[in-house]
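Each remark here refers to the structure printed beneath this line.
Naming follows writing order (A, B, C and D), and every chain is counted from residue 1.
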Amino acid sequence: MRTKKPPMGWNSWDCYGAAVNEETVRKNALYMAEHLKDYGWEYVVVDIQWSEPTADSHEYHPFAKLCMDEYSRLIPAENRFPSSAGGKGFAPLAEYVHSLGLKFGIHIMRGIPRQAVHEGCKILGTEKTAKDIAMTNSICFWNGDMYGVDAAKEGAKEYYKSIFELYASWGVDFIKCDDICRELPQAEAELKLLSEALRGCGRDMVLSLSPGPAILEKVDVYKETADMWRITDDFWDDWKALYNMFERCEKWCIHTGAGFWPDADMLPVGAIRQDYDENDRTRFTEDEQRTMMTLWCIFRSPLMIGGEMTKNDDFTLNLLTSRQILDMSENARHAHQVFRKKVKDTEVVLWTAVNAKGGQYAAVFNIGEEKLDMTIDLEELEIYDPSDITDLWNSEKKEAVTKLDVSLPPHGCSAFLVG
Amino acid sequence: MRTKKPPMGWNSWDCYGAAVNEETVRKNALYMAEHLKDYGWEYVVVDIQWSEPTADSHEYHPFAKLCMDEYSRLIPAENRFPSSAGGKGFAPLAEYVHSLGLKFGIHIMRGIPRQAVHEGCKILGTEKTAKDIAMTNSICFWNGDMYGVDAAKEGAKEYYKSIFELYASWGVDFIKCDDICRELPQAEAELKLLSEALRGCGRDMVLSLSPGPAILEKVDVYKETADMWRITDDFWDDWKALYNMFERCEKWCIHTGAGFWPDADMLPVGAIRQDYDENDRTRFTEDEQRTMMTLWCIFRSPLMIGGEMTKNDDFTLNLLTSRQILDMSENARHAHQVFRKKVKDTEVVLWTAVNAKGGQYAAVFNIGEEKLDMTIDLEELEIYDPSDITDLWNSEKKEAVTKLDVSLPPHGCSAFLVG
Amino acid sequence: MRTKKPPMGWNSWDCYGAAVNEETVRKNALYMAEHLKDYGWEYVVVDIQWSEPTADSHEYHPFAKLCMDEYSRLIPAENRFPSSAGGKGFAPLAEYVHSLGLKFGIHIMRGIPRQAVHEGCKILGTEKTAKDIAMTNSICFWNGDMYGVDAAKEGAKEYYKSIFELYASWGVDFIKCDDICRELPQAEAELKLLSEALRGCGRDMVLSLSPGPAILEKVDVYKETADMWRITDDFWDDWKALYNMFERCEKWCIHTGAGFWPDADMLPVGAIRQDYDENDRTRFTEDEQRTMMTLWCIFRSPLMIGGEMTKNDDFTLNLLTSRQILDMSENARHAHQVFRKKVKDTEVVLWTAVNAKGGQYAAVFNIGEEKLDMTIDLEELEIYDPSDITDLWNSEKKEAVTKLDVSLPPHGCSAFLVG
Amino acid sequence: MRTKKPPMGWNSWDCYGAAVNEETVRKNALYMAEHLKDYGWEYVVVDIQWSEPTADSHEYHPFAKLCMDEYSRLIPAENRFPSSAGGKGFAPLAEYVHSLGLKFGIHIMRGIPRQAVHEGCKILGTEKTAKDIAMTNSICFWNGDMYGVDAAKEGAKEYYKSIFELYASWGVDFIKCDDICRELPQAEAELKLLSEALRGCGRDMVLSLSPGPAILEKVDVYKETADMWRITDDFWDDWKALYNMFERCEKWCIHTGAGFWPDADMLPVGAIRQDYDENDRTRFTEDEQRTMMTLWCIFRSPLMIGGEMTKNDDFTLNLLTSRQILDMSENARHAHQVFRKKVKDTEVVLWTAVNAKGGQYAAVFNIGEEKLDMTIDLEELEIYDPSDITDLWNSEKKEAVTKLDVSLPPHGCSAFLVG
């Protein structure tokens, strides 16, 4: 499906890892409906290991027994998702999310469960078994659940058809597929098979590919098969990772828009890593969080909140409801870096984009370690006439200027709408 | 100097190589004034070897004796540029060009003449000689005239100051400096010295760096020192080179605009290679020439005509006076490739750019070897409402469309203004 | 164990692939005892998949059920190795081989059976199970039987101890361990654990590592853990592979000797690929086979016959019983390539080695595609006095010569003992 | 010419750089005749810049005027080599060296003097001038004297013929040619032309190529054209450089012998860098100097003394007259590294070679930073019988041993003859 703006939502990974459960999902969905929905946030996504009954942190349990139906399809662990009892799968939970006016997503791994293979399980609608379509040498290097599926084998298409029809029957709107994005070209045939099965399942679903870094040369494969794809390995609340994202975004910006969303990963804001410590909060400073939001929005990355939202403080909620910054995510066009350079003892990045509703965006980032005082001539943006400018983080407006004066702390940023 | 649009003009290399002379320059300048000036063409540039009396083709004469003043500065060969007699240099020729309402440019090589070094010549305004500032191991690999100058040596700054002051006194508006663009980082200090001397000489001159390919990682150095820089080695009338330019332009597009002009090289159109055969013409087909012009203009490369203009046929003149295509060169903003992919048996590239005067440009190129019939949904350009479109090569207009239907021969293109 | 000369024997892979059975082993052992033992041949090695009841060719059956004891240890498939019935394993077959005055070897894969892991099998002498020591992400890329063992886990050491004690109880003299040689550094800890278990099992066994190419920089790890290691991927009867072996041998020759044997792989001679066609024979010409034997012997590769020996023709038997060539395998020291160069339209390689019993070996190979006529001055071998030379393939002797005259067909060779 | 053992001699570079003069050469030649000749030392080589009148240290003077005859051939600067006055060149100095029973060598640069080119000088025996055969883009990156010669040009062969005939007329026995060894493949045609001219000049001369590192893949070109070639850039009295030589020697050892001598460069022993400080001495410790000599001799590098010999102290003279170590240089065959590994906290290298006069050499090097106590089983050298061993540095002899006990300080070594 072609989405007109980058998908926005919440994902359970940053706050609960593999240990997410139904109660958590419900309360975060409710919070989103009450506090964030009006700002465009809509997807509620259950991340990895929802079929593993003993999952309790960000760590996986090697060779743990998974919940599975007779057709080699993983189903939610009832002890963690009680409403799934009686073979209902995620349908009741999805129904609840939909009742709030939101959309529901789940995580899957590329492939078929190893346990289905070694137990000789069936594949729906064929005489074949899991053994017949699994590849002995296609595995995920960081999770032991699955074997890759050989797209050339009889039964492979039926397997993928069977799982997406199941998910459609549950009411799933968003699939985050893991162990696939950076696995090209070896997983390319399987990705295409999977994508076709998803698109043919009778329900619109966003397809998100993980983990990154995506391979730039394979951009056409991503565009052909998916809606969004990760341009980075897991992103966490570490300045170095944020610093590096500027280079990744510069590289991918010309491939963003018109339903294609290179993905800078979840926003590790607010209360994260709750499975380890309920008091843990993002280590990003407020400046760094604004820098992250500004970059994600001018670059037009998908926006997926990583924190336990019910524990949002005022700063976090304000960050996630900055109307003008979020407007930039929707309306920016043709975004690109203008320069990146040393200015005195610090390092500065300037991005610009056209606003589809009029005017031109500009974002200045101080990614060095010293305070920045700088004047940017609007001519550097090919704006040769005096123009009005609005500061998007504080709504201050100046009239008929020819220059931007910026004064930024280390890791800080400013974002403007010119004209 | 910051130019608001890509420089446009004529350069003698493609048609005369090292053998250009005064008569040729005058008649081409006159032609430009009469036929092209109204379309924005303005620079008339004398390319390499104007100080070499025996130059007669695109080949160099090893260790040929050059015309030089007592201060190690090359001066025009009088036998080829008669108006330079009596120490007048290029001043009379520049004056003529200016009298036509055009601008005058010359080619130089990085460095100081080897013959000045081995003859122990002086440097103006110092006690030093050429020997003192030349580097024994800095040479050009394809031309034997010069040694590189050691920017750290006393006298180096004075040498560069002396040559640009001479050029300013002649009335030069444009310097194409060779053996420098792809020679970073080893020539970086010399480039900075040269650029500062040029900017301090008292006359505005465009600085064009050659030959390419420029080094992407050095973009900030090019922006700091120059107005335009070659992104390719010499470009000739060969489809393979044109085909490859799409990748180069994709890579450089985010660095284009606001006075910075990555340069795809001269346009080898019309009567070229005249030093070898007066009947020689470009081997590009008409489709290929339109493809070249369209790419150069949406990417916003400088436009420098390579052919002997007085021999232009109707096609060539029309090509160079296509108002709407040239407007795109002036007004396109944020140009970038949208996709490049196989379509059936051929290969298609789509570029887009915003028009600073309103609307959005789109250019479709069939760079494969089979005919292309294709429909492009305007949604692929994030245009979701029905829009008017104008075909820029034939001015046809359609109203309220949602799709572009393109039918293109191999190597052909279409360019549109949407909205 | 430190072997004084390169191991010599027979291996079932080239002729039977995964389908080798007891009858085949017995008849080949008997043949070796009767025809080859006197020439130094001694090891009889059962290659891969002896625990897989349905193996029937060189192809593996994905996820096939293997024969295994309660302690996760693979045991021979009784249908293929009847004497193993009743839990006797390979003991009866080994006993038979020993009764012929020969030695017995088996193939193993690095790791622990996936089926033991997914079935939760025990490990002898511990409370741990296969699940506890297997790595979810350590697999073989060309065979689906095993998971790698995590050497850092409790139970890992006991597992390897338990398998080598089993093999020792059977009377195994030679272990060919697969999926390990080129898997460094990731399999390095497991290799060291395995090697220590083997050496501590109470019975001398040669340890042979497969498949190659071994990693030159890891030579010290190979020397520390093993007796021989493959310097190439599987070698077959293809001239290109033989041609390439010259470069591999040149690279590895300085690491050969004193119990360390870089391994150029089995000799695909005589009746090979019998599982596909009983009439199949090596595609190597007679010249190529002599070239192979000469290179393997002067380089001192292990010598493992690949063909069904009972079908040897006269040529093959003569090849394998060329006393003087086999002497070279035992007595060559400090072998190295002297030159490799174009001579007229063909390509020539000269190797030399010292004979520990006196004199100097020289081998000339015509590895090009044209006939070679050439004279090699003995001075090129630093032999400055006239010397006697013996042609090792035909025992012709010449006295007091200073030059070697060689006349060789394409792919042919000559080998000499000088002095 | 094929030399039977590595060339031995003295070279002026390490002690005088470009500043060597006649008096220095004479006194060093005399010293060699009196103290070293009996040990095999024979070549006396005048290194770089003997035609530059103002050379006074290891630094070059950019664009200095050189002494040259009318045929573009450099001749000795009379102020530095008085006996060359009157057009005699090096003939008188060579005659003196010969009178002492020694041989005479000189350094040359690849190419033709730039000053000959820019002055338009003649080439003996042709109508061509230096301009006609020089390449504008072939220079040396560390010395500004020459242009490379285009082997394809008429006159090129005559030029090289003319210089070697001049050197032959002077009585030169050894040519060290610089700016050529690591300049392949671009200088390959010039090297071949030069080598043929040298071999056709009517006098036997050793051809030594400099500087390194030589290119391993080009070994056949070196063997075809030269007697010795540098495997390293300039080697000085720095442990790191000596440490690195072990790897270089391992790589090149199979190409040593039979008149081919990969060259580890001069021995920086005794009084070196005399042009900067008359009191300067090698910074190598005594252990390091023995390690260097042992490696050079078992590897069979050429041996060229770098120090001012008349200032030799007892240690240095003893080092250079260690009969048994020098015998190893003459008689070692098939030398190669046996192992290189960590032993406790230090690093150990073992080399071995066959002695052409009987027995086997072994050299143990402690190249780590801790004391080494180690026992090496002779079986590691494939010596399985008890053998007599002689310590080559102190002539101690042990009978019927099976092991070598070595106790070495950091950077120290032992060398043995076994059997």
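Simple rule for what comes next: a contact is a pair of C-beta atoms (placed from the backbone, for glycine too) under 8 Å apart; a residue touches a chain by one contact, two chains touch by 3 or more.
Since we're looking at a predicted model, the values are computed, not measured.
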{"item": "Topological distance between chain B and chain C, in contact steps", "value": "2"}
{"item": "Cα superposition angle of chain A on its copy chain C, in degrees to the nearest 5", "value": "180"}
{"item": "Farthest chain (mean CA position) relative to chain A", "value": "D"}
{"item": "Approximate Å spacing (C-alpha centroids) for the pair chain B, chain D", "value": "51"}
{"item": "Whole-Å gap separating chain C and chain D, where each centre is the average of the chain's CA atoms", "value": "44"}
{"item": "For chain D, residues contacting two or more additional chains", "value": "none"}
{"item": "Overall pattern in which the protein chains touch one another (line/ring/star/complete/other)", "value": "ring"}
{"item": "Interchain contacts (touch definition) - all pairs", "value": "A-B, A-C, B-D, C-D"}
{"item": "Of chain B, residues touching chain A in the complex", "value": "2, 4, 220, 223, 250, 253-254, 257-259, 333-334, 336-341, 352-354, 356, 379-382, 384"}
{"item": "Chain A residues within the chain C interface of the complex", "value": "62-63, 114-115, 117-119, 131, 134-137, 139-144"}
